[in-house]
Amino acid sequence: MSKKGKRSFKEKFALKNSLIKEALSEFLGTFVLIALGCGSVAQTVLSHGAMGESITIYVGFAVAVTIAIYVSGGVSGGHINPAVSLAMCVTGRLKWIKLPVYILAQHLGAFIGAVAVFSVNYDALMQYSDGELTVTGPNATAHIFATYPAPHLSLINGFVEQVMSTAFLLLGVFAIFDTKNIGVPKGLEPIAVGLLILALTCSLAMNSGCAMNPARDLGPRLFTLIAGWGTEVFTAGNNWWWVPIVAPMMGGVIGALIYVLFIEIHHLDTQPEQDTDMYTKYELTNVGDGFLVKGLNEEEEQ
Amino acid sequence: MSKKGKRSFKEKFALKNSLIKEALSEFLGTFVLIALGCGSVAQTVLSHGAMGESITIYVGFAVAVTIAIYVSGGVSGGHINPAVSLAMCVTGRLKWIKLPVYILAQHLGAFIGAVAVFSVNYDALMQYSDGELTVTGPNATAHIFATYPAPHLSLINGFVEQVMSTAFLLLGVFAIFDTKNIGVPKGLEPIAVGLLILALTCSLAMNSGCAMNPARDLGPRLFTLIAGWGTEVFTAGNNWWWVPIVAPMMGGVIGALIYVLFIEIHHLDTQPEQDTDMYTKYELTNVGDGFLVKGLNEEEEQ
Amino acid sequence: MSKKGKRSFKEKFALKNSLIKEALSEFLGTFVLIALGCGSVAQTVLSHGAMGESITIYVGFAVAVTIAIYVSGGVSGGHINPAVSLAMCVTGRLKWIKLPVYILAQHLGAFIGAVAVFSVNYDALMQYSDGELTVTGPNATAHIFATYPAPHLSLINGFVEQVMSTAFLLLGVFAIFDTKNIGVPKGLEPIAVGLLILALTCSLAMNSGCAMNPARDLGPRLFTLIAGWGTEVFTAGNNWWWVPIVAPMMGGVIGALIYVLFIEIHHLDTQPEQDTDMYTKYELTNVGDGFLVKGLNEEEEQ
Amino acid sequence: MSKKGKRSFKEKFALKNSLIKEALSEFLGTFVLIALGCGSVAQTVLSHGAMGESITIYVGFAVAVTIAIYVSGGVSGGHINPAVSLAMCVTGRLKWIKLPVYILAQHLGAFIGAVAVFSVNYDALMQYSDGELTVTGPNATAHIFATYPAPHLSLINGFVEQVMSTAFLLLGVFAIFDTKNIGVPKGLEPIAVGLLILALTCSLAMNSGCAMNPARDLGPRLFTLIAGWGTEVFTAGNNWWWVPIVAPMMGGVIGALIYVLFIEIHHLDTQPEQDTDMYTKYELTNVGDGFLVKGLNEEEEQ
């Protein structure tokens, strides 16, 4: 097709509404995250450890996050996680009005991502479980999709852990995107966030799989409810399901505020036009519709 | 040799024809991919797991792709995969007339890469297999070279999986090279693609080894046909051989189109000469004979 | 909150005193290092190897260091280690008067980091140890927090090893931050230091866990003393505790001086204002309150 | 010490002779490579696999190479390998007169690196081997230092493998440093070379440990000869010792020439002063005494 043909094709289908674009982007990003991230759990579980082990799950989830942010970061900031979106709202980096749209798109993406994991591994799932989709027991497969607490874990310890894990996640994300701190070079933030995920899964995955993301947990859990695992996906683990929803939302805000109070607020003010740093540091402005830090200047628009 | 001597040496042997250069480049890149990638399978299989395990195969293939793109990316775009080349043609990034040449070069490179794996591991192969090169059974070695389905896998599930895997591959590649999204800094794309391969192999390798690349599969399979494994390399797995050829070609186009429709087409148009991003982002123009994105402007040449 | 509201909020709470800022930064950085680093040991030990193995500890500690430096590097240089701070003082990169403040903040951060590891893993710890917190024996858990020598290790070998390990650490850090050597691009130093930690733990962790950091060792050790492991944390291993304090302080200085004498001192002098390198290399000046190399020009201030 | 004091200190001790500087640099770089690289073998062997496995050796060697190049790359090019230095001479990137000095420095560094591995692990070595340092048998430890062929390997297969491995090494190095190909951003080449080493060890280490470096093999072998392993270190494996010396020297040149003939020679000539690429690509000129590519312009000096 010629360049001109492409332009008119684009004119016809390109979305003008920024929020719809961002919703599409969060949907696609979270879809990739779950399809590849939960896929790495599926590979390890369903192969009885022959094709994967704990390190392939941790690495698998980390690089899934990296790719998901490369897919969605330039359009919607690549939150792919309601806890991140909420922390961005609380710290004035995202408009509150966008929050429900982001969260809905993230849950839809996670749900469809679970469908992909199920489809790709259908034969393996049926063989592993003898066709019986169970939440507990030796052939349990529900933990491929959503997280469940280890037998030793109390609800209170689990809650504390999910708050703390997500606090570390947001603390790390805020550091990675703080251009007045060291700051990751533009275009490499997704890799740094992947390393952050690797740090968190290597150290905080033992208790309950370290969801740190309500959409990552609830979306696939809803899928398993429908696809044949039944209501036990909500009752298992002493009704565990609400913990990876409520705790990350709280933890994310706490982590973001800790970073702001300990580090960000004490940076010296520099006038943007005199900022000698501006040309050597890869500023994140004017990249498509913005990036994780775009909300920084968003308030003025109002 | 003096600088002057080098020039005239260069004058004598340097190719003027761009397509032959690109064919050489795709040949060499795919050769490296197979020699090192399938080499990591050989190391794990032939050492009975003592010198490798699933993670070394996933990492081994990922870094093999990274090195292969560093070798070939600046000249031919570093496709090293017919499914990538086809998706580039469909989206107007590569001239259709070049496609058969690319595909032929990729298959030749993969075939010679299989020869290298065979030569380097000849003694180990003979000891492992007692001199009998088999496709199935306890001492099977054919899966070092080409992919075969796991016992649990039906053709239809395998086909779906190869479509989906390659769709994720192209979706990720398009995101990595989209300079209006986050965009990987120039010169680091091969590392990001390596991380993408790692994400895919950690989550999608259980069913059939995740070929996602017709040349990577057919080239070595043809070698095993000739080298002593016999026609079973084509009949095994319910005539599996055509799946990792047809499905990736379809999946690659699907993945590329999903990225274009969900993300790329909605980017705001910016005039190249006013693109303030141009100096902070490492544009890929004018680097040798171009790179993965070079086809973007190729249409105007016509 | 509006931009203006944010400014006045900032005016109220932003610290003017640079040293207090830096202390906060070192505290937070070392906290992250221990919470995530020792967390990866906890995950492997308490899951009996099911959720981690040696590689997840090495990778876990390496990425914990990377994230900790992203959190603290732009404000205080991201030393997160008294041995690093001392070597910076000896080579004129940090004012001596700041050293005790840095060291105190690092120990406090490490102590609170150990509290976090304990809280997050409380249920798992109790189940693993049957509620009995021991330093030696089959259910020992003290080595999750501080380092202890392997049975084969003599004090003299352990001392030599800790001197040498920390010498390699500082030698590597000085190379990574030497802008007249290759030099890591600005913003990626934390990742390079993470790779350095990976190199050190893959090769030097067998004898005593490779502390290389007095705060990383003493802070958590003091926590275990208080939290129920008792005085054996100091007497175990032939009174091992002082080795990972004294040896790293010596080794760090030795490693830094080796780098200076073998490499740095022989660099050709170039006048800063004529340094053509200045625009292509991302200089570390003017980034917040400075970075690891900031002390280079600090002497003139006096 | 004051800035002025530092200058005069520097004036007194800074070397004026470039070749001596480069020799020091190659010595220190190769020392780091062996101390950390062979250290990762020691950790895995001496802990009976409890503190390491094949992947920690491959990763350990890869990051050891990365750190070694950060230490030495800006001064001497970071060859740390006679096969690399020879290939640089053959392709006009290093003066032939420097070759013997480089090779001597590399061997000395490797020898002292082996001393470091021995010292740090003395107690562990003695316990593992019951004080008997042997080359073969169940408690063999010589392969911690130098490489030995696997039982299945013939001399001819081993020779072919070492030629091919080192050819891939140089092919990759030439691609990584070719600024007219994709080219790794300045300052990140050592990380890319580390990934290359990872690709090679994941796929080519099964036969004989994949030395690819005469100094890496002969230096530690000489140390074991002296330190108590005896002359069997040279006679073992059918007098294997000369293969990882001769084959890499040949293979390196072959790999370099393949890259030049397939890729480099066909790049379009661009006048250096009009090279628009110069400002976006981080050129390697004027960095200390140069880098791997510095020899490119060296001929004119003569």
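By letter and in written order, the chains are A, B, C and D; residue numbering begins at 1 in each of them.
In this section, a residue touches a chain if its C-beta (ideal position, glycine included) is under 8 Å from a C-beta of that chain, and two chains touch if they have at least 3 such contacts.
Each chain and its UniProt protein: A, B, C, D = Aquaporin-9 isoform X1.
None of the values given here were measured: they were computed from a predicted structure.
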{"item": "Where subunit B and subunit C overlap in contact partners, by chain label", "value": "A, D"}
{"item": "Excluding subunit C, groups that stay connected where the other chains sit", "value": "one piece"}
{"item": "Copies subunit A and subunit C - rotation angle from C-alpha fit, nearest 5 degrees", "value": "90"}
{"item": "Label of the chain whose CA centroid is most distant from the centroid of subunit A", "value": "D"}
{"item": "Interface numbering overlap (same over half, different under half) for subunit C and subunit D", "value": "different"}
{"item": "Rounded Å distance between subunit A and subunit B, as computed from the means of their C-alpha atoms", "value": "28"}
{"item": "Where subunit B touches two or more other chains, by residue", "value": "53, 55, 185, 188"}
{"item": "Arrangement of touching chains [line / ring / star / complete / other]", "value": "ring"}
{"item": "Touching pairs - complete list by chain label", "value": "A-B, A-C, B-D, C-D"}
{"item": "Residues of subunit A that touch subunit C when the two form their complex", "value": "53-55, 58, 92, 150, 152-154, 157, 160-161, 164-165, 168, 171-172, 175-176, 178, 180-185, 188, 192, 195-196, 198-200, 202-207, 258-259, 261-263, 265-269, 276-277, 280-281, 299-300"}
{"item": "Footprint of subunit B on subunit A - complex, ascending", "value": "1-3, 6, 9-10, 13-15, 21, 24-25, 27-28, 32, 35-40, 42-43, 46-47, 50-53, 55-57, 59-60, 63-64, 66-67, 69-75, 78, 116, 119-124, 126-127, 185-191, 194, 279, 282-283, 286-289, 291"}
